[in-house]
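Some notes on the structure that comes next.
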Amino acid sequence: MIIDIHGHTNAPPSLYAYKAGLLASKGAHGKGNPGLTEEGMANTVKNHLANNLDKVGTDVQFLSPRPFQLMHSEKPEKIVHYWCEANNDAIAMSVKAAPDRYRGVAGLPQCAGVPITNVLEEIDRCMEMGFVGIMINPDPYEGGGTHSPGMGDEYWYPLYEKMVQLDIPALIHSASCKDPWDTYSNYSSATETRCIISMVSSGTFDVFPNLKIIVSHGGGAVPYQVGRYRAFFGRHFENSGGFDAQLKKFYFDTVLYNEEGLDLLFKIVGSDRCMFGTENPGTGSYRDPASGKMLDDLKPVIEGIETIGDSDRKNIFEDVARKVFPRAKI
Amino acid sequence: MIIDIHGHTNAPPSLYAYKAGLLASKGAHGKGNPGLTEEGMANTVKNHLANNLDKVGTDVQFLSPRPFQLMHSEKPEKIVHYWCEANNDAIAMSVKAAPDRYRGVAGLPQCAGVPITNVLEEIDRCMEMGFVGIMINPDPYEGGGTHSPGMGDEYWYPLYEKMVQLDIPALIHSASCKDPWDTYSNYSSATETRCIISMVSSGTFDVFPNLKIIVSHGGGAVPYQVGRYRAFFGRHFENSGGFDAQLKKFYFDTVLYNEEGLDLLFKIVGSDRCMFGTENPGTGSYRDPASGKMLDDLKPVIEGIETIGDSDRKNIFEDVARKVFPRAKI
Amino acid sequence: MIIDIHGHTNAPPSLYAYKAGLLASKGAHGKGNPGLTEEGMANTVKNHLANNLDKVGTDVQFLSPRPFQLMHSEKPEKIVHYWCEANNDAIAMSVKAAPDRYRGVAGLPQCAGVPITNVLEEIDRCMEMGFVGIMINPDPYEGGGTHSPGMGDEYWYPLYEKMVQLDIPALIHSASCKDPWDTYSNYSSATETRCIISMVSSGTFDVFPNLKIIVSHGGGAVPYQVGRYRAFFGRHFENSGGFDAQLKKFYFDTVLYNEEGLDLLFKIVGSDRCMFGTENPGTGSYRDPASGKMLDDLKPVIEGIETIGDSDRKNIFEDVARKVFPRAKI
Amino acid sequence: MIIDIHGHTNAPPSLYAYKAGLLASKGAHGKGNPGLTEEGMANTVKNHLANNLDKVGTDVQFLSPRPFQLMHSEKPEKIVHYWCEANNDAIAMSVKAAPDRYRGVAGLPQCAGVPITNVLEEIDRCMEMGFVGIMINPDPYEGGGTHSPGMGDEYWYPLYEKMVQLDIPALIHSASCKDPWDTYSNYSSATETRCIISMVSSGTFDVFPNLKIIVSHGGGAVPYQVGRYRAFFGRHFENSGGFDAQLKKFYFDTVLYNEEGLDLLFKIVGSDRCMFGTENPGTGSYRDPASGKMLDDLKPVIEGIETIGDSDRKNIFEDVARKVFPRAKI
Amino acid sequence: MIIDIHGHTNAPPSLYAYKAGLLASKGAHGKGNPGLTEEGMANTVKNHLANNLDKVGTDVQFLSPRPFQLMHSEKPEKIVHYWCEANNDAIAMSVKAAPDRYRGVAGLPQCAGVPITNVLEEIDRCMEMGFVGIMINPDPYEGGGTHSPGMGDEYWYPLYEKMVQLDIPALIHSASCKDPWDTYSNYSSATETRCIISMVSSGTFDVFPNLKIIVSHGGGAVPYQVGRYRAFFGRHFENSGGFDAQLKKFYFDTVLYNEEGLDLLFKIVGSDRCMFGTENPGTGSYRDPASGKMLDDLKPVIEGIETIGDSDRKNIFEDVARKVFPRAKI
Amino acid sequence: MIIDIHGHTNAPPSLYAYKAGLLASKGAHGKGNPGLTEEGMANTVKNHLANNLDKVGTDVQFLSPRPFQLMHSEKPEKIVHYWCEANNDAIAMSVKAAPDRYRGVAGLPQCAGVPITNVLEEIDRCMEMGFVGIMINPDPYEGGGTHSPGMGDEYWYPLYEKMVQLDIPALIHSASCKDPWDTYSNYSSATETRCIISMVSSGTFDVFPNLKIIVSHGGGAVPYQVGRYRAFFGRHFENSGGFDAQLKKFYFDTVLYNEEGLDLLFKIVGSDRCMFGTENPGTGSYRDPASGKMLDDLKPVIEGIETIGDSDRKNIFEDVARKVFPRAKI
C-alpha cells in the first residue's frame, strides 16, 4: 500500500476567490461562504484521484491546506480563522467524497503575535470531523521581520500538550514569505532547519517524549549539513548518542524531488523515520524534459534506490505512517 | 597539493578584545590599535601551521576574517570599518609570516543600510597587500528583521563590477544572526540558499558572465533540495539546460562535515565547481567519539569517496582553486 | 439613455483565485495567468447584462476594478501591478464581448510609498485598449496608519498632468481598509471627504483647471456637512463664491442608496455635476424587505425625486457623463 | 425653551496659555495654575451670554471643553489630566457665574494607549460639581496612525458601565487630528461615522440597553449615506427593523450648518432622537455674505423647516435634552 | 553698562493661547493671528522693564523666544514656522517699544527631520527687522528618541555659513524634552555639553574659524568636568594647546545661579569668553528663603566674586557682548 | 588610609575576547569560558597594584566591571548575564589574589526592557563571594532612543528594597551610548544628572530612607548647576531645607580630573558626602604635557585644596567609604 502523507487541498477556484474576498473586506461581511458545493467538490475529487493518485499508484493521500495560502500574518485575526476553517471544511468534503482514498490533516488558524491556544478549538473541531493530524507553521509572521518563538520555546507547549493528549502528529510547514528577496519555497527549508535545531537545543522531546513531529521536505538542510550539527552539538550530547540520536526523534517526509537527496536522507535518519510524501500536485509537478518524467512521481524513484531494501521501502511507503498516524486507521 | 580555501584568521585574544572596546566606545576613541605584534602573530601562526595545516596535510590555506565576528549590523559605521581593517591587517600579518602557506581573502566593511560602494576602498587596500579574493555577507543586517537586498538585486552591481574588473572571486558567507530563535550556523545555510536562488532568478550571470561566486558550506540547502528548484525554475530555463545549468555557474566549497553530503554535492554540481575547504579550526573542529577523528579533517573523507575519481580529486584539492583565484599564483 | 458610470468588473472566481495565488506566492511564480477565457467571460457578461443592466434599464455601464480588491498596500509592488493589469484585462474582455453596453475605467497599480509616476504606463496601456477614464485610490496605504499625501499634494501632479493631457476623468474611490475597527465602506466615505477638502484647500483646480475629478458615493460626507465647510472656508473664498463655488468644480456620482441623500446631493451641487451610478451589483444589491425593491435600483428613485426636473434627470442619466467622458463616444 | 446642548468653554487666553506651558514643560513644574479668576471669568461669561446666547435666543447652553484643544495624544499622561481638569474647572466657574444659563458636560482625561478606567475619577469629580453629561473622544490617538479600539470594543465597557450607573449621556466628539493631510473638522465626521457603525456591528446596546450616546454634527456621514448601511447590515438585522432600528438607538445633535442637512437628519432619525446644538461660538460662527446671517444661528433655520411640526421642534429644542440629561433639571 | 544677553520674550497670554490653537488645529485655519497689539505689548514691556531690568540694574537685555515653548518637534512643519514667526514678531514689537533697552535674538523655525536650510529665510526676515543674533536648538526632536545630528555634523553647515556671512552669533539652547523621565531643564545642560564635545571632535572651527557659538548656562557640564575632557582629547590636541584651547573657541553666558559655578566658569574659560546673562524672568526667578535674594539677580553675585578683577567684570558685563554682537551697536 | 571606591576590573585581553565571542555567537555556544586563569590574573593584579595603586598611594581600590563594556542593551538577555557574571568572577579572582588591596563592587546583568528583579540573583551570588556594593546603570537601553524609567520610578523599587535589606550601596554609572552623536563619556554625566533630579522629584528617599546612592563623577552637572535646581525645586522643598537638603541625601565620588571641579563639589555637597575615587586606570590616565602629572592622580590634588581641612580629607579618603560600605570591613 502506498500512503502519501503530504498532499494538499485541491479545490475549485471559488475557495481562493473566497480568500481574496476576506482580504478585501477584512471580514466586514462576516464569515460568509466559500461557495463549495458537494457537486463541485465531487468533480474536483474525481479529477484529482485520477490524475494525482491513480496515475502514480498512490492508494491514500493525506490532505492538508495548501500552506503558502494560509495567510497567518494577515489581520484581523478573524479572517485567518474563517479562512482556515474553510480549508479544513474543503478537506472534510474531499474525505467524505472518497473516504478510502483520503485522510485529513488540519490546518491551524495560527495568528502572528497571539497565544497558540487560540488554535486548540479548531483542532477539536477537525478531530471530530475525523482528521488524523495537524500542520504547524513555525513562523506565523511569514518572514515579515518579526521573530517568531522557536519551535523549542515554551510558547508552543500548550499545542504540544494537546498533540500528545490526542496522539496526533504534526507536519511542520511554513506558509508564505514576506521577505521581498526570499521565496516561500526557500523559506520552508530554512524554517524546517530552524525547527529541528531549536527543538534539539531546547530539549523539547525531554519534556514531551511522545511528541510526533514530521519535518517536511526531508528536513530542510539538516541531513545534508548533518556533520556541522554533529560538531555543533557534540559536547552537549556526547553521552547520549550525539546529534544523530536527537535527529532520530523527528520524522521526515520524502518531498525531495531528486534521488540523491532521498538517498542521503535515508542514510542519515533511517527509513524508520521516513514517510512517503509527494505534494502532488504542487511545486514538483513538472515534467523533466530530459527524462520525460514528472518530478513529483517519487514512487519509482524510491523503488530504484539501491542502498535501501524492501523493509525500508515498506517503512517509507506505509508502516511508519501507520504508526505515526494511529487515527488514520489504514 | 592541498589548497584549503576556507580558513579564518587565527589571532591572539587582543584582536577580539579590540573589537569589544570598539563596541563599548562606539569609536569615541578613534580607530585605536588592536595591539597585534609581529612577535605575537608569529607565535600564533606557528601553532596554527603545526596543528591545523601540517597535521592534516594542508599545503596552503586561504584566510578570511572569522565571519560571525564581523558585526556588520553595528553602528556607527566607522567601527565596522575599523574592525574589518584590523582583521584584514591581521591576515596580512599571517601571510607575511608564512607566505608559502597562506593567502588572504578580504573581509568587507559592509554596513547595513548603506551603499555597497562604501566597501570598494578596502578592497583596493587589500589587493595592494596581495589578497586573492573577498568574502561577501549577503545580509549585513545579520538577521535583525530588516530585509537585505537579494544577491541578485542591483544593489550589489558596483561590487560585482569591481570583482570582474579585478578578476577576484567572492566567498559567500553570512556573519552573526540576531534572531534570538535562530543561530549564525543555520543562518549561513539559509542565506547561501537565498543567494543562489536570488541570483538565478535575477539572471545575474547574464549581466556579469565573468563573475565568480563561491557558495560556502556546499551551497546551503540547494544541492540537497535540487529537485525542488529544477521544478520551480523548470519552465524559465527549459531551453538552456534547466536549473542545473544555472547551478553550474556557481562554485562551492567542501565545508560539509559528512561524507554523504560531500558525495551528493559532487554528484549534483560536479567536481569542476568544487574547492576543498575545511574552516579548520572552526565549528567542525570536534573529535567524533565513535571514529576518533576530527570532523573537519576532510582530506581523508574526500579521498575515500568512491563515486569520484582522481581527476575529480585534483579538481577539488587544487585545480579549481588555481583557476578561480588567479591572484593566488600557486 | 441611461449611463451608469459606476460599475465594477464582474469576473468568474478564477480571477480572484489568481489574486489569492499572487498573495501566497508574493509573485515568486512570475505574473502567471488569471485563467480568464473568452468563453468563461462571455457567460459572465451575458448574466451580468441580463441581471444587472437590462433588468434595471441601464443602457451602458462603465466598469472599473472592484475597488476593495485592489490591494494597493501589499508588497512586493509587482503583485500589485500584475493584479491591476489582470483586472483591466478582464474589463477589456467584457467590453470586447459587449461593446455597446460597457466602457472601461482603468484601475491603477498604485503602490503605497512609491511615486505616482509608476502608474502612468498602465494608463497608456488601457487607453490603447479603449478605456475612457481611470479610478484613483486616495490612500494606497489602505488605512494602515501611514498617512498618504492628500489629493491636493504635489505628489499627485504627474498623474493630474497625464489626465489633463489625455482628457480623462478619474473616479475617486478608496480600496480596502486595514484599520481593524473601521470598514472599507466607511473608509471610502471618509477618504472622499478628505479628497474634496484637500483639493479645495490646496487650490488644485487653480493649477489644473481642466482636471476632472468624480467623487464617488455622492461626495462622502461633504454635501451633508456643507454648512460646516462654508463656514470653515468662508474667509478664504469670500470673493469667489465661497465653498459652494469650489465644490462645483468636482463631479459626483449617485451611488447613494436612499432618496433623501440623492435629493440633498442634487440641491447642494446641482444636477450638472452629477452622474448616474449604481455599483450594481455591489453593496447596494440588497432587497429591502419593506419595499421589496433592490436598494441599488436607483433609476426609479431618481425619476421619483420631485425637486428636480427633466433636464436635471437628463444631466444625471446621460449628458454629464457624455461631457466628462469624451472618449466614451456614446 | 431653547436648550443648546453643544457649546464649549469660552475662557480668557490665560487658559490656553496654561496649556502651552504644560506642553512646553511636559509637566515638570507640576500642575500649576491656569490663572482663572472669578472676575476674569465673570467678564467672559457676560460677553458670552450677551453675544452667543441672548442674541440668538438660547436659554441654556451646555458647555464642554473645546474638543480640538484636548490633546489626548500628548505625553506624559499627567499633562492630559491637568489640562482636562483645568477645562472642567473653567466650565464649573462659568456655571457658577450663571447657573440658570449653563450646564457642564465634562471633558475626559483620555490618554492614548491606557485603560479607559483612568478617566473615571474625573467623572466623579465633575458629577460632584453638578455636571450633567460627558464628552467622549473616540480616538485618543488623534489620528496619529495607531488604531484606537472601536466604540463597540470591550475597551470602553468600564466607561459605559459608569455612564449607565450614573445615568449620564455622552457626546461623541473627536479632538485634534494629526494626519497632516486631514483636518480635525473632517476627522470628527469620520470618527462619528465609525462610532455608529462600530457600535451597531458589536451590538453594544444589547449589552448596555440604557446607554445614551449622542453623536455630534448630525451623525457624521451616516444619515446621508444611510442607504449604504441599510444594505450592508440588511441581512443581520432583517428581523429586528433593519439598520434604521439600530440607528434610532443613538441620539444626534443639530450641529449641521445647512438646512438641507438638518431636514435630512430629521427625516432619517426622527425628531425624538435629535437635540438642538450650535457650537456657538465655533466653526459655524461665520456670517454668510449672501444671506447676511450667521451660519450657527440655527434656531430660525430649524423653525423654517417645513417638513417637521411643532412637536418635532419641541422635541429638538427642549424635550429630548430634558429626557436624555436628567441631571440637568431644566 | 550692563548687557544681559539671555532674556526671553515676555508677552501677554494671548501669544501662548495662539500656540495652543495652532497645536489644536494643526494649522488648518492658516497662520491666523496671535492677537498682539501695540497697546498690550507696551504694557507688558513697561512692567518688564520696571521689574526685570531696572530693579536689577540691567541696561539692555537681549530677547529670544522662550526656548521650551518652541515646539520644534511638532508637525506639520507649518505650525512650527507660524509659531516661530509670531515669537520673533513679538520680540520685534518689544524692541520697537523700547529700542534703547532691548535687542532681538531670533528663534529659528527648526523642524525635526528636515534640512536646516528651511530656517534661512526667517533669519533674513529677522535681520531686516534689526535682530542681532540667533538661537539654535541642538535637538529639534526635543529628546523624543530620534538622534539629531551633532552640532559638528555637516547637517548644520548651511546655517554656519549663513552666520559667518552675516556675522551673527548663535545662542545654543535646547527646547522642550519629551523623555518622560527627564526635564527640559536637565536636557538643556546635556545638549550644551554634547554641542561642545561634538564641535571639538569634528573640528568645526577649523572649517568655520569665524563662527560664534555661545553656549548657554555656563556650558552645561563641561567646565565642571573639564579634566575628563582634557584627558579624553589629550592626545588629539596635544600640540595645539589641548582641550582648553578648543574650549576657548566657544563663548558662554553666566546663566548659573550659584556663585561657585560662576567662579569655576571664569577660571576655566576666562572672562574674555563670558557674557552676562540671567534669563530674568525665568527658572532663576526664585527668592532664596535664606538670603532673601532672587537667584537670578546675578549682577551683585558677579561683582562679589573675588577671583576676578575689574577688567574681567567689564568683559563679562559689556565688552564681550559688544564684540560678539556687532549688530547690537551698543 | 586611602580608599579609592571607583576602580574597574583590569583583566587580560581574553576576558574581552570572550565578550566579542558572545556577541558573535549570540550565546549559541552556551556560556562558555572567559579563559581566565589564576596565573594570568595574578600577573595582571601584580602589575595593577604596582602601577595603579602603589605608585599613587592608594591602599585599597574597589573594583567594578568596566561600565562602558557592560552591553546592557544587547540581546539575547542570556549573553548579558553570561558577560556580567564573567566580569564579577574576574573581580572575585582579583580580590582573592590581593585581599588586602581590593574589594568587589558587583556589576548587574541589567537588560533593556525587562524587570529589574532579573538582577537580584546575581547580587546574591556576588554577596556570597564577599562583594561590598553594586553598580547601577540608569539606562540599560544605552542611549538607544527608548526612554528608560527614571531612577525615581517604581521600576527600581525591588532593587532598592534589596539594597536596603542587604545594606549595600550602589554606584550610579551608565554604560555605553548608542547615540552616534554623543559619547559614553558625556552620557554618564547626563544620566547622573538625570538620576539625581529624578530621585529628588519622586521623593525616593522618603520611601527608602536608608538607601545609599553614590553618584559617579562628582554628580554629573548638578553641583555646578546647583543654583538652577535650587530655584526649580525651591517651592517644593522650601520648608525642608530646599534642594540642598535633598542633594545631601546622595553620596558622590571624586572622579573629577580638575581641581576647580573638586573644590566646587566639596563646597556644595560637603566632605561628608564625598568619597575618593579615581577610575585609575581609565579615562583620566593621561599625562598632562604642561604639568607632567597624570590627571587621575587625584590624591595630591585633593591634598592641595585649601578650602578644606584635615577632617574633610579624612572623610573623603576613608571615613565616608567606611560608613557607606559596611561590608568592606576596612
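In this document, chain identifiers A, B, C, D, E and F correspond to the written order of the chains, with residue numbering beginning at 1 in each.
Just so we're on the same page, a residue touches a chain if its C-beta (ideal position, glycine included) is under 8 Å from a C-beta of that chain, and two chains touch if they have at least 3 such contacts.
These numbers were taken from a predicted model, which means no experiment stands behind them.
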Based on CA centres, what chain would you say lies at the far end from chain E?
-> A
Type of chain A:chain B copy interface by residue overlap (half), same or different | same
For the pair chain B and chain F, the C-alpha centroid-to-centroid distance in angstrom is 43
Rounded Å distance, chain E centre to chain F centre (Cα mean) = 34
Give, as an integer number of Å, the spacing between the C-alpha centres of chain F and chain A.
-> 55
Could you tell me which residues belong to chain E and also touch two or more other chains?
-> 180, 183, 185
Across the complex, what residues on chain F touch chain E?
-> 145-150, 153, 179-183, 185-186, 189-190, 193-194, 197-198, 217-218, 220-221, 223-228, 230-232, 234-235, 238, 242, 256-258, 260-261, 263-264, 267-268, 283-286, 288-290, 295-296
Chain B partner contacts - residues on chain F that touch it in the complex = 12-17, 19-21, 23-26, 28, 35, 66, 68-69, 71, 75-76, 175-178, 180, 183-185
